[in-house]
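Okay, here's the structure, questions in a sec.
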Amino acid sequence: MTVAVYPGSFDPATNGHIDIATRAAAIFDRVIVAIYDRPAKNLLFTTEERVDMMAKALAGLPNVAVHSFSGLVVDLARRSGAKVIVRGLRASADFEYEFEMALMNRKLAPEIEVVCLMTSVEYLFLSASLLKEVAVLGGSIHNMVPDHVASALRKKFLR
Amino acid sequence: MTVAVYPGSFDPATNGHIDIATRAAAIFDRVIVAIYDRPAKNLLFTTEERVDMMAKALAGLPNVAVHSFSGLVVDLARRSGAKVIVRGLRASADFEYEFEMALMNRKLAPEIEVVCLMTSVEYLFLSASLLKEVAVLGGSIHNMVPDHVASALRKKFLR
Amino acid sequence: MTVAVYPGSFDPATNGHIDIATRAAAIFDRVIVAIYDRPAKNLLFTTEERVDMMAKALAGLPNVAVHSFSGLVVDLARRSGAKVIVRGLRASADFEYEFEMALMNRKLAPEIEVVCLMTSVEYLFLSASLLKEVAVLGGSIHNMVPDHVASALRKKFLR
Amino acid sequence: MTVAVYPGSFDPATNGHIDIATRAAAIFDRVIVAIYDRPAKNLLFTTEERVDMMAKALAGLPNVAVHSFSGLVVDLARRSGAKVIVRGLRASADFEYEFEMALMNRKLAPEIEVVCLMTSVEYLFLSASLLKEVAVLGGSIHNMVPDHVASALRKKFLR
Amino acid sequence: MTVAVYPGSFDPATNGHIDIATRAAAIFDRVIVAIYDRPAKNLLFTTEERVDMMAKALAGLPNVAVHSFSGLVVDLARRSGAKVIVRGLRASADFEYEFEMALMNRKLAPEIEVVCLMTSVEYLFLSASLLKEVAVLGGSIHNMVPDHVASALRKKFLR
Amino acid sequence: MTVAVYPGSFDPATNGHIDIATRAAAIFDRVIVAIYDRPAKNLLFTTEERVDMMAKALAGLPNVAVHSFSGLVVDLARRSGAKVIVRGLRASADFEYEFEMALMNRKLAPEIEVVCLMTSVEYLFLSASLLKEVAVLGGSIHNMVPDHVASALRKKFLR
């Protein structure tokens, strides 16, 4: 049985993240979406909000669990019996960063495999930071996030 | 059960290819190494030679099979019940090409996932074409290919 | 009045090329699609066939003309009174090549501007060479080329 | 008539920005240089200063206007009757970011075209942030900005 | 006699930096490792600590000196009689940034040459910022820094 | 004393190549320009012609020699007592290829250093292959090659 960890900040979950998690769930036996438990300094949502939004978005997938975590991703993977870390690649600039991270992770834990999925073409432009920039300026984020995330974004920016 | 196809020309199998196949075999239930059956115009080895060298190199892995194929990789994947196509990424230039191929494959067969593994750092410089360039100029290819591949290369270039 | 030249081999015209030509026609007063008149060594279609297929695809755009040409693109632009050369960018690898070409063109003809349009996301995977590779292997090219181009491809590959 | 918007922070206007605006003015009927009206947290100059410096630099171009704006660029383009957003590309790293922005803009406003001009080779090294870094360390910024911008920079850094 | 400057923040010195300095010392007559004297806002170690750690790491190389500096690198090079600035390249993303810096430096001081060495493959994943991220999360940094740097990191993060 | 080898096809020598050789000669004690002695299949000029054109172009530099060679560059470097291989980088795409070559060369000869110089901005667009494309189409190659190379190109293309 192959367990995979899909780590990230997910501030908030976008349709791009949900797409990667869904596709990972189709090829691995179990997927743990692991949300960094960080002080909200540069983040819009609290850890609890980020976990809740992602959990709701992935509720229909029986082999996916959503948790927060702190520490190194490779340590979480080892504790969870995961052999795989999943990452989504959107473009070359992503690739450089992911490659460096993957090499570091292999140095720290050679038995854990980093596996990259290519972002679906309809979400290629969709990063969480660009999404928030558009939302705060009043742009339409239709088809970019689930409805419950869109509501949460509206609440944050109306405050 | 997740079956993965690892397609390529493998002219010849390098330690980099063998590393990717071995790592794919650790995370997927079955791996089919699929060798393009092409007329040898730009190739050094015949299809049969390339299959034999790869099969020998991967003989120790019970869940790996080596076959030649023609036609589209996605058609092979469908015929084989494979949900996954595995590709190794060595660097950004690889990434661009693989991304284009992956998008085309998703267009042709949306149900099949392209999964990229990062090349191990010790094989980063190792492409089959650069290997052949070094071998033909008399450079040492020690630690770059298995011994039986090194012998086959020597025979080709002594002719 | 700004006239633009959109040069290429267009072997054959894809929906990606047609999209760029259509969008150029929306922002410039006149667009000349300029098809390289090259000996067919590495090309599938003759110059005449490539011009005819593109002309048919763009017949609905009154401010677009399709011609073949030989020589330098900047010389064609000067002869045609064009101030602009249009290029479509699909990805970073394209960018590097286009950048080098654009710098050379500015050296040869500083008064002519190279303008790049970003490929629509649905044609990102679509190069003429990958299209032909898929077509020759029997893959579906639906939604990648106009119907008359698909027919022409089928005829070529059935011979 | 084709109106183009050229948006940016322009903190401050460099000869590279002025070159792009000038070249855009040669191929489009009207160009609006649109300067982000942002609180000066990470900026050196106020919005008013940035508008004034750019307006002075482009005073000789009758079909160019300089304004500040807030909100989304595509909304500004729509309000201004602009069909085109102009961006300057300096290198591959720029390209990745611009590509993501262009895809997002097309999603938000498919009728507006993002058009990229290649930076002139003599300004390839010239970003506003690197310029400020050089100026604050006392390096010569001769030929990198107009004289009135150089004076403004000296005043800021002497305070 | 060719003197080379190798500038950086070195916060802290990694085995990757030490490798580049050592290799530069093998091909140039004298190497000055020049450490930016910056207020420690985004830095973990003080200038003095960074100089001491680097000096200790390079103590065995008789033709290498370690100094702090402020101002432009090209001014330091001129003051030191250096004809060369050395930089280490880890990947394409590094390259873009280094290229921009190199072009700016040539504009400021055309007589000084920027020379890039390729990072050794075993340090490809090793940036000072990623190192600190791993160290703060309790990951092993064995083989990534000299022992005295590892001790210094532990002290910082235990406070 | 540091000897450097600058290898290439130089088909023909461009002002970009001459610039790199000249700058290498300023920082290393001796520079050997090493021209691949290859059958002229994909080359325009014979090995002898390429050596003669380069030698003439660099005649004013007393510490530079021009030779043809076959075999591996690292073997030539060893035979010549060279510690350094010099390469010119024009852009990111170059970088990827040069990085792979450099890693392979370090594997074959760890004691020899690959050193990259950044192409001068005025030759950024100038590759030997693009130059030949322009020349054959009758474009001006003024300022791109020395006069004797321009004459040689004209003779080739008039045949």
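Order of writing sets the labels: A, B, C, D, E and F. Residues in every chain begin at 1.
Quick note on the criterion: a residue touches a chain if its C-beta (ideal position, glycine included) is under 8 Å from a C-beta of that chain, and two chains touch if they have at least 3 such contacts.
Since we're looking at a predicted model, the values are computed, not measured.
The chains in contact with subunit C as well as with subunit D are A, F. Identification of common neighbours of subunit A and subunit D yields C, E.
Seen from the Cα centre of subunit C, the chain whose own Cα centre is farthest off is E.
A centroid comparison over C-alpha atoms places F as the chain most distant from subunit A. Rotation angle relating subunit A to subunit B: 180°, from a CA superposition, given to the nearest 5. Distance from the subunit A centre to the subunit E centre is 34 Å, each centre being the mean of its Cα atoms.
Chain geometry summary: the mean Cα position of subunit A and that of subunit F are 47 Å apart.
Here the CA centre of subunit D is 38 Å from the CA centre of subunit F.
Each of the following residues of subunit B touches two or more other chains: 91-93, 96, 99, 102-103, 121, 124-125.
The set of touching chain pairs reads A-B, A-C, A-D, A-E, B-C, B-E, B-F, C-D, C-F, D-E, D-F, E-F, using the touch definition from the header. The touching residues of subunit E, counted against subunit F in their complex, run 2, 23, 26-28, 83-84, 89, 91-92, 95-96, 98-99, 102-103, 106, 113-118, 120-121. For subunit F in complex with subunit D, the residues that touch the partner chain are 91-92, 121-122, 124-125. Interface residues of subunit D, counted against subunit E in their complex, comprise 90-93, 124-127, 130, 134, 137-140, 144. Residues 70-72, 74-75, 92-93, 96-97, 99-104, 107-108 of subunit B touch subunit C in their complex.
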